[in-house]
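Would you mind keeping the following structure in view while I ask a few things?
In order of appearance the chains are A, B, C, D, E and F, and numbering begins at 1 in each one.
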């Protein structure tokens, strides 16, 4: 299936890199200023790619508006303007690195797409210079 | 072949999502405001990736200027400042969604590249947030 | 008053540069491909700057969400996914150049802002390379 | 003096819009989700414009590297990866809106520039769509 | 006159910050790595703002295509893919800092615009983070 | 291994497309203005993608700061503000096209990453419109 569709949505959130199972010293050494106790924040960009056949009657692989609505309902409404370490139930126990967010967001969307549409990749951009992707192997 | 070259070119065009084989009501329900009769428009970005061996004498996989000239001659000159539903002969009968444009543009370029250069992917960005890709499977 | 707030919102529309009071030949010569009869389109960015005193209790010159809501209600909802020459009553008789849109949008917003907030500048970006601004002299 | 120089630097921080002198209800109604107790965050862009004469021997109004060093030392090192409401002594009592940050940053830099260089404008971009400027009237 | 039009054009060039009237040591200390003898380069963006009345018959302050043609003919064709210190006659003796380029480009365009159109500002972006502007005082 | 991390870093350099084994005429015909003897320049963006397992204790595939430090030490410090044809020992004999730079940079980083982290792709953006990638086949 050689067609993919990609959409980008935004959210603004705070996070802190911290592993509560490790000592304060370990956390400080491992994460540096990203471990500051009160957190810092990002204008995150969530980029999602899906693949599948194009419906010849409609000309869409998926209505991009529907895809964005799924992302809003399953992810954005829950994480926007939140402190990711403590305010999102399904991120409990997850160190909110870009890598872990990409995987958690992938799992929130996979299986929620219309029949025939496959989630192929989720990328989380923390900044224009740092991103992580999780994808169907 | 592990080297690819990617170029981006722009065009500005109007389009309307509309399937003339379906009823006006079906079209309105399916496409919403994208079905407005007089069309709307985009600053499209066409992104094309090719792969192949790098010529050791020149240091190029392909001269990017030549690649852009092919895109201009085969695509941009025909679609720029046009209403895509009715003014482009080779888009006749094509619902001008991003998915269908990506495929149509792929077919316009494949087979027109210099020997040894393979078209690997065409992406059409309707906006900075919406894109579709068609690629050699 | 040395503080300003600037917001950006988007819309996608088609337009055609055409003066119906002039001959077809004049129009073609003056506007070139921008005069194509079926129009072309843009991902427009509307950028609006306001100035005024900062309310010390709230810390805002204006709630940016309210400013965007005004822009959506007065402008975006009316022009998004429209053909600007014929589908927008308050643009009737306006050649939809960037210059004229900037002025028309300015007039749609001035006088609709909360008390004490002054509209200082409206910029219409047709592309990342072309824009026009209209501002309080 | 008709020459200006503008530089941009980044920082990532968390903030919460909250006026501690007002009730929880007032805060919630005024700021909405921006009042969430644990804060949210941004990839802030700080844009600073200075003006003055160009030194004919050097060709600079100011060495942009020196200007950025001043911004780093006076502002970025203090706010980057911080929660702006409580971790920055010179922001104590300041509701960290874009407007108030622009003014506070202006005051941190004015008077610290090399002789003959005048600070003319400070803009704080919270996102690509929201910004505030404070400038010498 | 409250309307302005702004266009952006690009060129790629090499330059070296060096004052031949000063010692090698002075140059090295003043400019650091920007003084490297073989030069370095930038993807420059030249941004030009003009102001004037909008012609009611055409709807333009100036045809942006004509404005870009003037910039191409007067500036871009001369500096693109050049080493700015030695290959551009009208930059002879000019230390090619952003400040000095902005002024030199201003002088190349002022007086070459159609009647009634006034050059109000020229900005030279060396990078997305560094720029200088020269403007009519 | 379905997780990747991507970072972007910048450098500004001059280069000239020229094959010293060929005649001046061949070079001029092949490279056009990119063969200008004094070179031209770019704001290069180097984009690097690595893959590997995410360490569950840290939540990282690799600390992006460490990845950027490797890029700075192995590449950026050597090429920034340089003329790539003659000032970088490990680029000697390499025609500095985007394709060849991508491969040379790949080779500078592969084998230097922490255990378990695999270099999967290096992209060199000469401009926002031209790039080349080299990747593990």
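One rule holds for everything that comes next: contacts are C-beta pairs under 8 Å (C-beta built on N, C-alpha and C of every residue); 3 or more make two chains touch, one makes a residue touch a chain.
Worth saying up front: this structure is predicted, and the values here are computed from it rather than measured.
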Exercise for the section: Could you work out how many touching-chain steps separate chain B from chain D at minimum? Expected result: 2
Practice task
Give the chains in contact with both chain E and chain F, ordered by label.
Solution key: none
Completion exercise
Hop count on the shortest chain-contact route linking chain B and chain F comes to 1
Handout entry: C-D against B-C, pair bridged by the larger set of C-beta contacts
Key = B-C
Problem - Type of chain A:chain D copy interface by residue overlap (half), same or different - result: same
Fill in the blank from the handout: chain A to chain C, mean C-alpha position gap in Å, rounds to 34
Handout entry: Whole-Å gap between the CA centroids of chain A and chain B
Key = 28
Fill in the blank from the handout: So chain A residues touching two or more other chains come to 128
Practice task
Just spell out which pairs of chains touch, all of them.
Solution key: A-B, A-D, A-F, B-C, B-F, C-D, C-E, D-E, E-F
Fill in the blank from the handout: Counting only contacts in the complex, chain D reaches chain C at residues 17, 19, 21-22, 30, 32, 94-100, 102-103, 128-137
Completion exercise
Per the touch rule above, chain D residues touching chain E in the complex are 1-9, 54, 57-61, 64-65
Practice task
Please name which positions on chain C make contact with chain B in the complex.
Solution key: 10, 12-15, 33-34, 36, 38-43, 80-83, 86-87, 126-128
